[in-house]
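Two complexes are shown next, each including chain A; its partner changes from chain B in the first to chain C in the second.
Let's look at the complex of A and B:
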């Protein structure tokens, strides 16, 4: 056994796959110890907040303030609200409103703004201008208000009569240190359509998906192994009838079967582990067939015949004389079954046939909701791309491990 | 070798499941308003290039419509058109045949057009306003002498009368819905129609509101064509309703040009009677109206972004990104949130037979604890007015309905949500407390646990229901969610002659939108006990609420004509509704979503567009909104 492990770890492919898988597993185990928020809590009012550091505005007003005189700060402030396209659009509007083109200098912001505020009239109907364009100019006009105002922003509070009283000012050079603001939330992957933290959800979902994969993989491998061993070793009518069932399952595409069963179970009864079990019960076929053929080649070997002559029981022969010879193979099959189970759950959930939504997140459900809320069309990559990446990494690492093991244990492939 | 083969096969399986997964775009849509939207899921893909086989049989240029003469739609037609029979309700022909409060009038026409923005009706086939006789039992209107059928014959009072007679004879849904309120429709002379109301024992009209609504909700069909159809099917009612009616005679400005499983196209009738001075004075601007049949909402949105759709009747989540982020020439009726005019009130209903939910305190506690701002911001992506902007009542956010009740009188009863402390106090005061210390409250010694439910795939509703469930946990009531398929859900919820089964403690249904009988119809839907005991109840009061006081008011309102008295009665109804909380509204939803792309066409209806009467944002096809079709101009003429 020890030798087998040593052998396996000599394969570069296996080690790479194993490291990726362990890294994922470690993150899944450690992350919840650090970030203790329940993964399905709705924290964002609004959908698909972009990834970033969210600093509480209210708290930052009360945090210690520092003055930093940064070069180009004003230019950046202006650029954030008035880009080149906006300038060109302003020129277009001004020309349409009758301002001679020579008078407009889009590079000179103060001059441009002065001209704009002097001329712009939201009610003026420019021929050929669409409503969408009109709305754009109204928005632009609003965002330009006070853009070049050098004065401090004023903080005010209501006094006893309800009138506003100035209580402080904020200069354009005032900064806070993020570390000193009491409420800062890092959302490395933003929020999803429910306003949930995608990273926290993703970690929890990976954990559940791995569990589903393991359960499905174990069930599938166990069924396949038992059927393969019995039918291969006993042979005869037992073999024929077991293979009849197996062949039946072979011709029905297992994913179709999976869809049908999941649909008929009904959403109310589809917990994560029901789905795992369904996946397991529909994907054992190939394991069974492969194990059977291996067993057939083993059953007339000398040591098996010896055991049989010595009066060992059927159970004992299968367990001691056959199973150890195909153990390495079964482990490889198990790895593939686990990875297939995770993929099957994702596939099912994308079709809306996965586990019910509220209780646990899964990778497939995250994809499903991202698609329903059109994240892929609106370019909200953080809601679905990390999920795809995790699924790909899991499948990749497991397949690498499998190939690595194959190279070690398959005499035909051994160097 | 076997090992390699096995690996290859498993690999194949993996690829298969990946491919299946990738092809399987969500088999659901986000349009919770339209049941057919859910059933459409598995239609064939509908890109422009699809179905070349059928093209051969169709007019030569059906696939190459001139872009500057065609107005493209999405979100109305899912799946291919079955028929053109205006008596039938199973044509799957949403663009041409859709009767109701805001009837779609591109092909068939109603005597009057309802305008949801000002609550008025405007004559279409009819000439001038309708009048009631002094006793309030007969409604009379005249038909325009210019109104003509597509075969050139005039539209007569006899047609109107025969249409009604046919609805009754074949017991169509329209006949069945109105037969209790309309005694008969008769033609006095070729231009004059009298609608006789059904009378109660006291000799008064049973429901004058519904009688008046008939003339703006239902099409007029040609008598001669109807008789042809009857002769063809030999008076067999089933065959009559199943006939695809390709030969139908119509009075509207558009008719069938082309239809297959990839799209449906309507072409303008250049002899349309309405171009005369008695109606519009010109023809509608687009020569063709086309609706590509998209696979799902995502495909429809992509086409809208690409400028292949001009008018979108789809829930596009985060619609503002289309112009803010993508800089597309796309706009909605209002430039800022909520982007549209809310008309209906998607509502969570309590099953009043569930243990504990018969208690007002319990119902109110759950309702006031719900985080409505999150529902509106997340589930509806802000495409709904908030309950701070439009405080809850039985009325939708339109000005007309908001003016129907006394806001100050009910202000104390309204809630904006997130009131967890208030909810806890209500429950504590009612003695519904956690006595065994497990974190959940008990009622009659049993832990309170409810299931909140809505149809699967109706994503904005599902997201809303999740938020409701979260509120329960805040106040010590265990609420879980469940999303059955619509086919199951609808039969359970509409079966009002037996108690609702387990798992339907809190459930969502939509409400009436804007229409000539509102807000009375909605008040009736929310509270009237007349629907209890119906084996198939699509009308309302799904939770089994009974209040004789409310019933009496609902009964009395249709006959009341004094506006002051009406306001008083509506205020009373709102008070009862907000006190008893038989259900609670989760959001406001537009009558139809109306997002336009101005790449080709412009001058779509928008707030402050200067139209008088104002053109409502109903896709330029429904009720008075068809007036918008006459205002369209090309961006680059």
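Let's look at the complex of A and C:
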């Protein structure tokens, strides 16, 4: 056994896969110790907040203020307010007013503004322009000038009579230190359609999905192993009838069985572990077939015959003389079953047949929510891309471990 | 030819047996589950209804439609009759359409999408696999890790990535549906063009996934074969490399064909989920609407149809395999 592990760790593929998997596992275990929020609490009012650092505006007013004179701050301020439509409209006006198109660069904000204030004239009538459009340009001009207004913003509070009294001002050069603002929330992956922190949710979902994968994988491997061992070792009518069932389930897609069973169980009774068990019970076929063919080749080896002649029981022969020889294979099958289980859960959830949604997130459910709320069409990549990446990384690492082991135990495949 | 006849009749018999078993499972599995499927549907339909006799009336209407008040064997005959009559009963969520009507509208989309996609992916994947095994070196070093990674992406993941890159960001292809939302199916060029454009993203997402998995399998098969004694012997005999690769390809291909027969169920399952991502009007989307609408007869019939499609594909592959594998001919004529 020890030798087997040493061998496995000499394979580069296995080590790579193992490291990726362990990294995922470590994050899943450590993250909840640091961020203790329950993963399904709704923190954002609104959908799909972008990833970033969220600073409390109210608190930042009360925090110590510093004056920093930064070059180009005005231009940046205007640049962030001017959207692409406005820029295109400005270009359109400038062209209509006779500025050559080559001189206008809508991406260069200071240059565009300079050109705009130099040429813009609200009284100029551009032929073919509607009155509404002319008013739009007047509004645009006013708002641009408002943005460049060097005056301070005024803070006001209501006094006893309800009239507003100035209590302070904020200059355009005022800054706060984020470290001194009491309420700052880092949302590395933004929020999802319900306003939940995607990263916290993703970590919890990965944990649950891994658990589902492990439960499904263990159930499938156990059933497959038992059927394969019995069928292969005993042979005869037992083998025939077991193989009949196995062959049936090989051709009938397990996906179909999964859909039927999950639908019949009903949304309320579908917990994460029920789903895992259902996946396990529908995916043992491969393991059973493979174990059986290995056992058949082992059945008539000398050491097994000797054991049989010495009168060892069936159970002890299987346990001591056959299992150790197929152990490496079973481990590889288990690894593949785990990753297949995680994928099966994700597929089911996208069909709306995943675990019930109230308790725990799973990777499939997160994907399902993102799809239902059209995150992919709206370009909210943080709601679905990390999920796909985690699923792919888990499957990738498991597959690498499997290929690595395969190369260690199957010399014909060694490079 | 006699040898083949016996092989084929054997396969046909097995096909029929699995068909019957699949049919029985399709009938019994849902009914073996605890709880009354009709009660669940009625509970959902009657949400907000306070009138108990009204709820009771709905319940009775559905048990009548679905036949759950009958003893099990009569339910079975009712089910068989509905299937044989070809309408599978009424759809709950799209009443008064029959289930056959709903499925008939979507099944051709699925067949036209998945059959060519899986075939093309399989052919490209196997060719790349042999090349990787034969050339090794740089080609292999680039191809292998990328195929392993691609084949580990779930089909829906690939679908979403293609959709976001080519549909949303680059705007080369439409993002959803089987044809333009403003069109009525007809035989005009506009419509056909729209169908072709909508076809691309779902098609390539399935093809790419299939290529990844097949290339890996074919590569290890070919490496295995390249190390076989007959290859070394042929080399000593001075047979041309090109011809040897041909032998290797043929020998490595046979397990791949069996592999395709065994994996086609999983592939179809993954592709059905990919259809949902693109809102493609095929069986995958039908399953989704059926699940969301709690439409029991529709789910049952759709899964049965998918199973039958997979069984037929399997049968076809086994028949082709019979013609390709010389060992079958040899074994049968002994």
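Convention: the second predicted complex is superposed on the first by the 352 of 415 C-alpha atoms of A that agree within 3 Å, B and C clash if a C-alpha of one lies under 4 Å from a C-alpha of the other, contacts with A are read in each partner's own complex, and residues count from 1 in each chain.
The rule is short, and it goes like this: a residue touches a chain if its C-beta (ideal position, glycine included) is under 8 Å from a C-beta of that chain, and two chains touch if they have at least 3 such contacts.
The model shown is predicted, which means the values in this text are computed figures rather than measured ones.
Colleague: Overlay done on chain A, so just call it for chain B and chain C: clash or fit.
Modeller: On the superposed model, which is not a single observed complex, chain B and chain C clash.
Colleague: Is A:395 in contact with chain B, with chain C, with both, or with neither (first, second, both, neither)?
Modeller: A:395: touches chain B and chain C.
Colleague: State whether A:379 touches chain B only (first), chain C only (second), both chains, or neither.
Modeller: The answer is both, since A:379 touches chain B and chain C.
Colleague: Scan A:128 for contacts with chain B and chain C and give back first, second, both or neither.
Modeller: Only chain B is touched by A:128; chain C is not.
Colleague: Which of the two partners, first being chain B and second being chain C, lies in contact with A:252: first, second, both, or neither?
Modeller: The second partner, chain C, only.
Colleague: Per the contact definition in the header, classify A:100: touching chain B only (first), chain C only (second), both, or neither.
Modeller: neither
Colleague: Report for A:311: first if it touches chain B alone, second if chain C alone, otherwise both or neither.
Modeller: After superposing on A, A:311 lies clear of both chain B and chain C.
Colleague: Going by the contact rule set out at the top, does A:329 touch chain B (first), chain C (second), both, or neither?
Modeller: first
Colleague: Return first, second, both or neither, reflecting whether A:179 touches chain B, chain C, both chains, or no partner chain.
Modeller: Neither partner.
Colleague: Thinking of the overlay built on chain A, is A:146 touched by chain B (first), by chain C (second), by both, or by neither?
Modeller: neither
Colleague: If the shared chain A is used to align the two complexes, which stretch of chain B, 185-193, 365-373, 491-499 or 617-625, clashes with chain C?
Modeller: In the superposed model, chain B runs into chain C at 491-499.
Colleague: Once the two structures are superposed, pull the chain A residues common to the chain B and chain C interfaces.
Modeller: 253-255, 266, 339, 343, 346-347, 350-352, 371, 376-377, 379, 395, 399, 412
Colleague: Show me the residue ranges of chain A that touch chain C in the complex, using the header's touch definition.
Modeller: Touching chain C from chain A are residues 247-248, 250-257, 259-261, 263-266, 269, 339, 343, 346-347, 350-353, 367, 371, 376-377, 379, 381, 384-385, 388, 391-392, 395-396, 399-400, 403, 412-413.
Colleague: Give every residue of chain A touching chain B within the complex, in rising order.
Modeller: Those residues of chain A that touch chain B are 42, 44-48, 85, 128, 130-133, 135-136, 138-139, 193-195, 253-255, 266-268, 283, 286, 289-290, 293-294, 329, 332-333, 336-337, 339-340, 343-344, 346-347, 350-352, 356-359, 368-369, 371-374, 376-379, 395, 399, 402, 406, 410, 412.
Colleague: Quick one: in the complex, what on chain B touches chain A?
Modeller: Those in contact with chain A are residues 1-4, 6-7, 9-11, 13-14, 16-18, 20-21, 24-28, 30, 297-298, 301-302, 305, 316-318, 321, 323, 325, 327-331, 335, 371, 373-374, 377-378, 381-382, 456-457, 459, 462-463, 466-467, 469-470, 480-485, 503, 596, 598, 602-604, 606, 609, 635-636.
Colleague: Report the residues of chain C in contact with chain A in the complex, numbered from low to high.
Modeller: Result: residues 14, 17-18, 21-22, 25-26, 29-30, 32-33, 35, 37, 40, 148-149, 151-154, 156-157, 160-161, 163-164, 168-169, 175-176, 220, 223-224, 227, 262, 265-266, 268-270, 272-273, 276-277, 287-288, 291-292, 296, 299-300, 303, 306-307, 310-311, 314 of chain C touch chain A.
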